[in-house]
Amino acid sequence: MDHPVQTDFLRWIVLFPLLGAAVNGLLGARIQERAGKRMVAFIACAPVTLSFLFSLWAYSRLLGLPAKERFLIDRFYTWIPMGSFSVDVAFWVDPLSAIMILVVSGIGGLIHFYSIGYMHDDRSMWRYFAYLNLFTFSMLLLVTGDNLLVMFVGWEGVGLCSWALIGFWYTDHTNTRAGNKAFIVNRIGDFGFVLGIFLLYWTLSGQGQGTLAFREIAEHVGLLADLELWGVGVATLVTILLFIGATGKSAQIPLYVWLPDAMQGPTPVSALIHAATMVTAGVYMIARLNGLFSAAPATLQIIAVVGAATAFFAATVAITQTDIKRVLAYSTISQLGYMFLAMGVTAYSAGVFHLLTHAFFKACLFLGSGSIIHAMQGEQDMRQMGGLRKVMPATFRTFAIAVLAIAGTPFLAGFFSKDAILWQAWATHNQLLWGVAVFVAGLTAFYMFRQFFMVFFGQCRADHHVQEHLHESPKIMTYPLWILAAGSVVVGYLGLPAFLGGSMLDHWLDPVIHVPHGEHHAVMEEVGVMSVSIVAAAAGVVLAWFLYYVRTPSRDESPEARGFAYRVLFNKYYVDEVYQFVFVGGTLLLARVGAAFDRYIIDTIVDGTAKVTTILAWFNGLFDKYVIDMLVNAVANVTFAVGNNFRRVQTGNINSYLYVVVGAVVVALIVKLRYWS
Amino acid sequence: MTEHVLSYMVFFPLAGMLVVLILPSGRHDLIRWVSAAATVPPLILGVWLYANFDTTTTGMQFVERAAWIPAFNIEYFIGVDGLSVSMLLLTALLSFLCIFASWGIDKGVKGYFALFLLLDTGMTGVFVALDFVLFYVFWEVMLLPMYFLIGIWGGPRKEYAAIKFFLYTLLGSVLMLVAILALYFYSEPNTFDMTKLMDRSSLYSTTPLAMWPFNVWGWGFQHVVWMALFIGFAIKIPAFPFHTWLPDAHVEAPTAISVILAGILLKMGTYGILRINYPMLPAATADLAFWFLAALGAWNIVYGGLCAMAQTDMKKLVAYSSVSHMGYVMLGMAAFNTQGINGAVLQMFNHGTITAMLFLLVGVIYDRAHHRDINGFGGLAGIMPVYAGFTALAFFASMGLPGLSGFVSEVLVLLGAWPKYHALTIIAALGIVITAGYMLWMMQRVYLGPPNEKYRDLPEINGREIFTLFPLGVIVVVVGVYPRVVLDLLQASLNNINQMVISHLS
Amino acid sequence: MDLGNLASLKLFHPEIVLAGTIILLTILDLVVANKRLMAYVGLAGCLVALAATLELYGTEPTLLFHRMVALDNFALFFKVVTLVALVAAIWMSIGSGEVRQVHLGEYYIVLLTCGFGMFFMASGNNLLMAYLGLELVSLTSYILTGMLPHNRRSAEAALKYLIYGGVASGTMIYGMSWVFGMAGSLDYAAINAAMSQGDGNEAGLFIAFVFILAGFGYKMAFAPFHMWSPDVYQGAPTPFTGFLSVASNAAGLAILIRFFYPAVSTLGQEGIWTFQAFPALQWTDLLVAVSIVTMTWGNLSALNQNNVKRLLAYSGIAHAGYIMMGLVVLNNDGLTAMLFYVVVYLIMNLGAFLVVMVVANATGREDMEAYRGLAWRGAAFPAVCMAVFVFSLTGLPPLAGFIGKLLLFAAIIEGQFYVLAVAAIINTVISLYYYARIAKTMFLDDPGPDDGPVTATASAVPLLGALMVLTVVLGVYWGPLLDYTTGSLGFFMK
Amino acid sequence: MAAYVAMLTKVGLEHYLVVGGILFALGIYIVLTRRNAISILLGVELILNSAGLNYVAFSHFSTGNVDGQIYTVFIIMLAASEAAIGLAIVLAIYQLFATIDVEATETLKD
């Protein structure tokens, strides 16, 4: 790991999508009207495919190297050379980022293709694909950047693209509002993130090792030991700040609120950005800096707890939602919670593993729901659906596989990855968190099957007009579904538990991720733990079967009819309302106060001289007298007031003039004589 | 030619003004083109200057000296270092573009362009003057044209805005004059030569004056002079208590003048502090920086941002955003480390380009809709896509989005400020959230949402307007991606300035 | 050396020429019908006198007529100022509508006589001589002020001026009598000698000084002896007002400087003056107070004026206050600054009054409303000039007024009169209000419906242009003028 | 007693100065209080004469030369011319205002 292999093709992995974005963004409109949408689509899909191929190339290069030296770097140019602080635009690929680039460009590519079908009727397809490419670029930058600042560029870039894509149909303000919400909430996270970067940089440079490059941070992480700021360990402080950034990007408590609204965007976008890739950036970041985080046990505790809490919280909300995409959104939040739980219990590779599998089945689910919405002509309410399995066989099958996978059916991807996390939680003596996680596993199974049953079984509850037009989606959309479904099955075998031969993934990640080898556990213990989660999942499935298959849901059941708890859950614990009131309201209030201060405060200053001011207002017409900014006017008015009194002396009466003269002389004399005696 | 390049840059616009004055006032287009022609040479020379500038030395370059008033040792003494060159480029570019932004002026065309060119000379002069009297003269030369440009060609409350700007600035500059004279008589032999005064910086007494309140604050001669100069500059920046002239002036001024105001005049405040307060009064700078630069800067950032959020007039919003962004400059220069001070000046440059774009963009829509009420629009993105594209670029740059110029400078500033002022940096960092808040909110209300029927058929942004916006857009992107185009220019000079103060930091 | 009567005449050309012109005019007035001619003759006479004066400039200081009159660069400088002012005034009078009504013959004769009096104010080396010169100026001024026929304002102004002047000069001569009593003579050198020996009592001396100051002050129009000036400025014919505002100020300053510097102080090393009389007699404090009061009073009163002539009168008072600043520092820098300021003030103030005259000719009005949108009413050139003049009066670079202020500020800051400096700063800012108001009215306001077009008086334009160019040029390159004023500090003392 | 008698019999400088002072004060008083232009002019004359008296006195008692007398002559001459002009102006005033009360002539003021 000391001698990184210099290459110069990594930059292309990142730059191809940027190229696509540039072409479509600047000329897209023209291209679309000249050469048609196919051309636009091609310009968008080609670069992503190329990046994927280059990623494979990079991957193969890694394979060719001995495990300890699997590390490619491509220094592009020096971005900000500023004395001791010098940042390169450099890309690196190591086992961890290799996985990420494959996921991003791979699944990203699939979703690009899928979008061709999905966005076929949209007028501004070029804009859509420009954003999508730009996003892919930013995401790849995020995962391949070799230092925190470049990562931050990608970090912000994906935020921007998510803003643009959520508000893609900008003529509707609900979309734009959702976009702004996403952006601003992320900004709050970034606020922590940048401060984390600064603190980290200056602490290291205080130790003579100022740097932001991941490798060097990993090397010098020891320097942070027993350094303190404000009575807190610096390592803890840095990691907490960075974690704040992660909660923003990866939708964890308390900054998760933007993700459900983000479903306003086109469904493929939800699949790509809000399920498979962007939202996992926080997880990736922590995994990337695992050395640093391992040095801050306190933070890890927080992360674990936040993760578990989020998982539980989101899952509970998910069981009541009726919007097909919102269910998936909350499920995503919940799954992300799992990943953070994994990070918290230092099961980094397990977390990454879940990230990987989740990318597949969640993307599959979203695309499936997309295909359904497509068929339902934009209808997203599951209460309007039902019995779709006959009309949409391909979607049905792939969706089924994905549901099984996420529900944790043995020997599917979700099962292995989730179980790895659960096991680590147990093994690191976090039984309480483990309990929560197991319960959430049950909930997950429940709400996923609830959705599954509501959508595909029973009678179709949509109105006739919709029913007539029900149809399976075109191949361009179903093929990606199949690929992802396949992935949801096989990917799991990358990370088999120890007693089934051990995890290839752990092995693969070993050079970059320090997996804590806890004390050895008996096989039976592991099996036992595993079986508990299986039981939980099964329970969830059965419950869903009773509630939503046996007694089929009515077309228009209203949450209001249900009990208090149900309503609370349905309204997401009213968190949005609270935030809206406290934070948004608070800020706007502050803003108004500030502006008012600017405009009116001076009034109070002037009040003392208010009389004068009012008396003199009439000849103060020289300048606008009702102008709010009183400071200048106050000065002016007072001066004028005095001036006016001076005028009174000039009465025009010669005697009075002479009085002034003599008076002056006398005064002078008196003063002088006084000051002698 | 080359040894007088700076003089040419300064006086070419003046020559242009004289030409404009003798042109028949009826020939509007002729006048416009002549003025445009008068701003081209400075731009070319500026680029030439940039190309031939030696970024390795800290000394003044392209120096010109000539005796002016020997009796008082007043010289015609001009020269540039990295700091000035960056500002010169900005001035030359914006002046050139603003001529085209002023194309629509049709009242008193002759007077307008004559005054504009005079203003151009004044601005360029301030950035090259190395003799205090010369500096002051140029400084004041900007005042009158600005007064008339706002006052004659401005909006409904133009007179109020103009006189307010005038009074604020005059107050500042008279204080400055006294400070200059104080330095002059303190120096032995008396001189107005800035470089000599800098060399003497260690001699200015810091022992507290006997007079109240200075004896309480422990202010010496140096502190008092520093304060006098600072107020003069703070008014231009504009720093918190002195900022209220800015919104009015901006709202009333014609587009091009707003651009000049925000793009160049505001920079003169911070330029002056770096060029004069830092090297000449380092001890006082070291003592007063915390409250009057760092704390005030952070306050500017948050306060300006919040005020911007509450505005409903686009120009006012942008104006307050300037207050906020100039706060970064003050905070950065108070950090006294490479990152901070370079970030600060880079921020000056970036703010110059970005805000210029913003004002031009507001001007575009104002020319079409004849109002600037944020809530009075909606869905412009659908009606004027190209225009919306430029706007998005400018907004995101102003928000400090990575890859655009604003990001680099803000990160450098905050990074630089952190080791010296933790708390202030945290407060300042809030700025990134607030800025995103009001920018996005304005964007949503004006450009997104259902298209406003009233403006269904607004004409798309035209070629001339694109011509004024495009170069700035390019700069914003290039500096964001490859900031060294500016940073390399600055480092040597700024670190030199920085060193002078650092030795006095306690 | 001091010369006898006949010998003196050899060094007396300017006065001789001027006197000759006056006599010539008197004769012409009887014989010539075309009064225009008088103006040109007067003009020619002044120019010749000017030439003679400049030719004398630099001759070594001499006392003429048995120590009554001093011939030194200082005196010559003020003679030049006076003559320039005369020339300008005559030129203005030619174009002035008001002046046309008066009896031109007498007008020009008295005007020149007034200038003649100023010569002696500047060069009198003996309090009596100074007093006589002052009275000559006063008497002629009364006449010129009251000259407009059937004009209440003019007559009233004259009366006020007369009474005010009478009292002031009376007080002064009474004060002088005490000085005479203590020094035994009114000759400056004698006074100086007596003071240095310290005979006479302080209180008496102080009373005397205050009384004398009252006389000078009324000529220079500084507070509180300025009350006459607004009324007189407003009442008198504009060209004469312009002349009065600059020349009378200058002459008053000349007499003041002569009395307080060569007479009662002595020049030490590096142009530092020391006050000869008893140290306890700190009349600089008095002057500081007077200066501050004057500038503040003038500016504040000017703020709300609606009559531009009156406004300029008050601004004139304020400027008298500024000039006084140079007096308190007691050194040659201060003196130089004052002389410099006199010249600059002459140029810009005459210019301002010229514009006032132009507008008055066209509209017959002097109030602010008459200037509404002047620039857009065909009088762009006068408007621009006026803007230049008022901003120069404010003291903005790169205009001459700024340099004047710069030198004064420099002097007082060097002398560490910080209070005075602050006061001056505040006053500068205040003054911007009303100066800018004029500019605003001319450019920013749109002409009202009944505001007709204004055409500049033909004869005024060249003078206007010249003055404006001078204002700008002196603001950028003032070296030569500075040398000239520095050179004009040669006094004759013995 | 003797001194008192001496003071009464032998008139000295002080006496003149006191008289001059009184004259001056009277002049000022008149000037300040009278409304009638003519009387004000008379007050001015008094002031001038007080000064003249002082000169003569000083020149007789202290300086011992005739300068003082000469000055006084000048003063008298000036007083005369001032009076002449003054009266002319007062005449003009009377024609225009039909009064010479200075309070009636207050058109010039702010």
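Letters A, B, C and D mark the chains as written, and numbering starts fresh at 1 in each.
In this section, a contact is a pair of C-beta atoms (placed from the backbone, for glycine too) under 8 Å apart; a residue touches a chain by one contact, two chains touch by 3 or more.
Because the structure is predicted, anything quoted here is derived from the model rather than measured.
Visitor: Looking at CA centres, what chain is most distant from chain C?
Guide: A
Visitor: Any idea how many Å lie between the Cα centroids of chain A and chain C?
Guide: Chain centres of chain A and chain C, defined by C-alpha means, are spaced 78 Å apart.
Visitor: When the centre of a chain is set as the mean of its C-alpha atoms, what distance in Å lies between chain B and chain C?
Guide: Measuring from centre to centre gives 43 Å for this pair.
Visitor: List the centre-to-centre spacing of chain A and chain B in whole Å, with centres computed as mean CA coordinates.
Guide: 36
Visitor: So the centre of each chain is just the mean of its C-alpha atoms; given that, what is the distance between chain C and chain D in Å?
Guide: Between these chains, centre-to-centre, one finds 28 Å.
Visitor: Residues of chain D touching 2+ other chains?
Guide: Counting only residues that touch two or more other chains, chain D contributes 28, 31, 40, 102, 106-110.
Visitor: Can you tell me which residues of chain B touch two or more of the remaining chains?
Guide: Where chain B meets two or more other chains at a single residue, that happens at 159, 163, 167.
Visitor: For chain A, write out the residues touching at least two other chains, lowest number first.
Guide: Within chain A, residues 647, 650, 652, 654, 658 contact more than one other chain.
Visitor: Of all possible chain pairs, which ones touch?
Guide: A-B, A-C, A-D, B-C, C-D
Visitor: Considering only the defined contacts, which chain C positions touch chain A in the complex?
Guide: 159-160, 163-164, 167-168, 171, 202-203, 206-207, 210-211, 214, 218, 224-225, 227-228, 230-231, 280, 286, 297, 300-304, 430, 433, 437
Visitor: Quick one: which bits of chain A touch chain D in the complex? Just the residue numbers, please.
Guide: Interface residues on the chain A side: 647, 650-655, 658-659, 662.
Visitor: Quick check on the complex: what are the chain A residues that touch chain B?
Guide: Residue positions touching the partner: 29, 77-85, 149, 152-153, 155-157, 160, 163, 167, 170-173, 176-177, 180, 183-184, 187-188, 190-191, 194-195, 197-199, 201-202, 229, 587-588, 590-596, 598, 623-624, 627, 629, 631-632.
Visitor: Provide the residue numbers of chain B that touch chain C in the complex, in ascending order.
Guide: Counting only chain B, the residues touching chain C are 68-72, 108, 133, 136-137, 140-141, 143-144, 147-148, 151-152, 158-159, 162-163, 166-167, 170-171, 174-175, 177-178, 181-182, 184-185.
Visitor: Taking the touch rule as given, give the residues of chain C at its contact with chain B in the complex, in rising order.
Guide: Interface residues on the chain C side: 376, 391, 396-398, 402, 406, 409-410, 413-414, 421, 425, 428-429, 432-433, 436, 439-440, 443-444, 476-479, 482-483, 486.
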